[in-house]
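Paired with subunit B in one complex and with subunit C in the other, subunit A is shared by the two complexes that follow.
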Partner chain A sequence: MPARNHNQWIAKPPLQQGEWIDSRIYSEQGIFNDEIEKIFKHVWVPVCHESELPEAYDFRTTSIGGEPIVICRGPDNEIRAFLNVCPHRGMLIERRPAGSFLEGQPSGNPKRMTCMFHAWQFDMKGNCVYVAREKEGYQDRLCKENVGLRRLRCEVKFGGFVWVNMDDNPSQTVEEWCGEPFECLRESLDAEPLEVFHYHKAIVDTNYKLWHDTNSEFYHDFMHYHNRITGFNDAYFARKNFAYKNGHVVVGTFEVNYENYEGFESRAELSFPKLPPNQWYMVDLFPGFNFNLRGSALRCDIVTPLGPDKVMIEFRGLGLKRDTPEERITRINHHNSIWGPFGRNLHEDLIGVAGQGATMSPGTEPRRILHGRHENETIHDEIGMRHYYDEWGRWMNRMPSEPDKAYAPPAVAAE
Partner chain B sequence: MQANGHDKAAAVRDTIYRAALALDDQRWQDWLDLCAPVFHYKITSFSPEINKDMIYLQGTRKEMDSMVRMLPKHNTDHSPLHRHTSVYTVNVADDGKTAEAVSSVVFYQNMLDGNNSHIEAGETRLFLAGRYVDTFQIEDGKAKFVGREVKLDNRRLDKGSHWPL
Partner chain C sequence: MSWIKLCKTTEVPENSLKKIWAAGGIPILVAHYKGGFRALPPVCPHMEEPLDESGIIAGCVMTCTKHLWAWDLATLELQGETEKPLKTYETKVEDGELMAFVEKELLYDFEDEDDMDDDAFFNS
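The block that comes next holds the complex of A and B.
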């Protein structure tokens, strides 16, 4: 078709409802605010890995939907999550990203979470154990027992990831929420303890869903020289996408030929337990979490949406806790070769979604984004995104193709 | 320091600064020509988040050579990185055959693509900061890199980090 005039450009594409969406879901502040309230505050979020807080009194901080969270390991070895907010006057209790409560702080005692402002102290179960000049100020009207921290639902699951849900009464457990998509990796992840060896983050001017799309569709392997050269063969094109309840998707495995890229090597010798050599599984969890196992190294991406056109992505790499130093180095090298910040693929993915962010920034004309490829649910079929956006529509009660309208199931079933 | 040691320290500085110019100009082979055959390169950072020393990239001279030769096959952000390097210390070994140097380095990204090149092209942004920890062999008055560790302060790395630093 020749270049189109404006009417032609904005006309509906010759595809069924559900095979395209409206770009306003990537750019409107009101929709973004709704997503935080309706989705992110009710789903299980994998916030970190247990190996990041290996000892009693270790902590990590994070946030979900703008709400600050502290996660700590108690002397009983339990990992618990709390709102990182002081019940007195709202100070952030812990300001560092990670550390230990074992040592005292200038305002407080060892083994306590201490709010530095007026020195209220809390134990690892979130009990308030000290209010400075309690009786003098509150007499018998308010006491420690009234001012515990806000505890959050927290589970450690699927290879030791720490899952937090802001909803006190989540409709499903972590197992019910994503046990089925994790089935393909369960034995490999749970055979023995894992350990994080890589962490970095990127902040991109784009919508968080566009990052998740990039993790769920493989048609974009055309932009990755590495994936074309190590992948494109019959087994690759036969790779299936599997849609699961709750909007999750799994991309099935095949054998990658890493040696086809100059200087790269087979990952067969260091495969994760129970994983056949050089296999590659991808688990994409609604609304934006990704677990990617390529033979010897596991990658996990966690999105933190910062606005309709801004997202932070945290990247982790994991190996086996029992790795020898030599094995660990090999895993790190495998991880870095394509996924590291100086690797061959990650950077291309970031450029891709930043480019989408540029054309769909707030205030730009609504565009139609096509998700209409059907190829027998194999690797370049866009079923993953169709499945995701149908789930999104249900949570938001909006049509992804006409976000001002209430949700209705798509004409083409999301499969 | 002996006069001889003084000359050798100057040779080390000269190599570091020549490498900085070659890397600024993406003259990768000129950079590798300053490296001995046993050269080993790595980019590292410490993450307080996971409490680990991390390696973000590493390779032998041969591996770095493949990497830079393969760059044109990959998509890239086109904004060039330029660095400001200051050599802080040079320690020449007593036998005068090897040396170690520590430099401070700051990387600037001179925006060409940005997110919207119409708006952002032409602007310079602070991209990364850290140190070069280098080791050298010295022969015939010339210093060649034996090892370079780029110790980054950063754990946030946005698009643009596709190249050796």
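The block that comes next holds the complex of A and C.
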């Protein structure tokens, strides 16, 4: 195949619409801003796991679509989410990533969220309980009842993940949104309480969708040294990608023969409840959340887009809450050997998406990204991405292949 | 319950506060003001602030330094903008020991408003 000149390079590929996309959707600030408004402020986001707020008054802070969020557990044991913004002058109320409101902060009091700027205070239900010198300044024109926090839709589901939606009236409940793809994992995740044992985050110079793409196709097995030398076999390749409504994909299950992997051992003994030994499941949720159960350890990766070429990814590993210390050590070892910073796959995935981020940074020439592999919907078929980008096009009302045009169904249906 | 020992009077100097874990695991704040002692629940009735950390006594007046609620400990009168009275245990001194009459732990009521059902809340 000869090299191509500029005109040849920018010509449309000999594939159908829907089998390739325009790289501007990974690099343009305007499209990114649109994604925040049209997608991230309306979808359910699994912001954390309930085991990360085990006690009453525990909290975590995060953000969705650039808006700061605080999630806390009340004395009634309910987990609630609020905009982490003071109704007075817009100050960020809680600055710590996580902690407890049980002990008072230097400018606050026990059991309340306090805005340190002017000492306004809020309880775990978001009620405003104190306005400093209220009557002196506001007389009877404004009172505590007028200045509660903004509460957000929040549900705890699918093994204890905390789902928050910035839209007060989302078109679907969490169950309607992703209950079907979670069906394959539901019994295992809900059999008994889970607990986060691993957390780290990375800020990667790439677009969040490029990260999600690596979870939606396994053709990049060729990058994973360990997969290449030990994993390729008929059962491995026979797995299918199953497309679900709302842009989600489930990768078909298979049994992993860990004994065949140098340095690995069977995970049958510690496999999750109601899970056949050593089974493997992966659920990819639109627009960027991944759940992967590898027998003994559950992994959950959540994206927070920070810009067209910047994404924060939070990585969590989970086991069973009732683990003995010995079981927990083994589970962590199983988790880290695949997904730790020096594990089998994670660093290679990050190299891949960082390389794409480098070639598609803002201002680079638009180019075409091919999603046209058809291989009977198995793991090297790019159906996962075609399904995802069709959903993206509908939320954005843009053609992924020509993002300045309004959405129309692709010539090749998303299957 | 009945009269229980809290501490020796010499353990709490004038113009100071000390939190004691009394018999039965009840936390009691001993306040030594000019001319006497008070035995109180250990938190401010305003925002549950621990008064052994944030309370100060000057003469007869105890002030919570978080939002400046204050009480005259001799008369229990509310000072300035203070909106709620203190609760107190009866005290006496016997053989240098400060005693309090404790029937049950005294607690303040803190507001805890009820939630609405999610759909009612978000659609209102």
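Quick note on the criterion: the second predicted complex is superposed on the first by the 413 of 415 C-alpha atoms of A that agree within 3 Å, B and C clash if a C-alpha of one lies under 4 Å from a C-alpha of the other, contacts with A are read in each partner's own complex, and residues count from 1 in each chain.
We take it that contacts are C-beta pairs under 8 Å (C-beta built on N, C-alpha and C of every residue); 3 or more make two chains touch, one makes a residue touch a chain.
Just so you know, these numbers come straight off a predicted model, no measurement behind them.
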Superposed partners subunit B and subunit C on subunit A - clash or fit: fit
First (subunit B), second (subunit C), both or neither touched by A:N77: neither
Partner, of subunit C and subunit B, that touches more residues belonging to subunit A: B
Which superposed partner A:H200 touches (first subunit B, second subunit C, both, neither): first
Partner chain(s) touched by A:G357 [first = subunit B, second = subunit C, both, neither]: first
Touching partner for A:A98 - first (subunit B), second (subunit C), both, neither: first
Touched partner set for A:T324, first subunit B, second subunit C, both or neither: neither
Degrees between the directions from subunit A toward subunit B and toward subunit C, using C-alpha centres, nearest 10: 80
Minimum C-alpha separation between subunit B and subunit C after superposing on chain A, in Å: 25
Subunit B residues within the subunit A interface of the complex: 43, 45, 47-52, 54-58, 62-63, 66-67, 69-70, 73-77, 113, 115-116, 155-164
Subunit A partner contacts - residues on subunit C that touch it in the complex: 43-44, 46-50, 66-67, 81, 110-113, 115, 118, 121-123
Subunit A residues touching subunit C - in the complex, by the definition given at the top: 75, 78, 104, 109-112, 119, 121, 123, 125, 127, 129-130, 132-133, 151, 153, 168-169
Subunit A to subunit B touching residues, read off their complex: 49, 51-52, 60, 96-99, 196-205, 223, 225-226, 261-263, 316, 329, 332-333, 336, 340-344, 347-348, 350-351, 354-355, 357-358
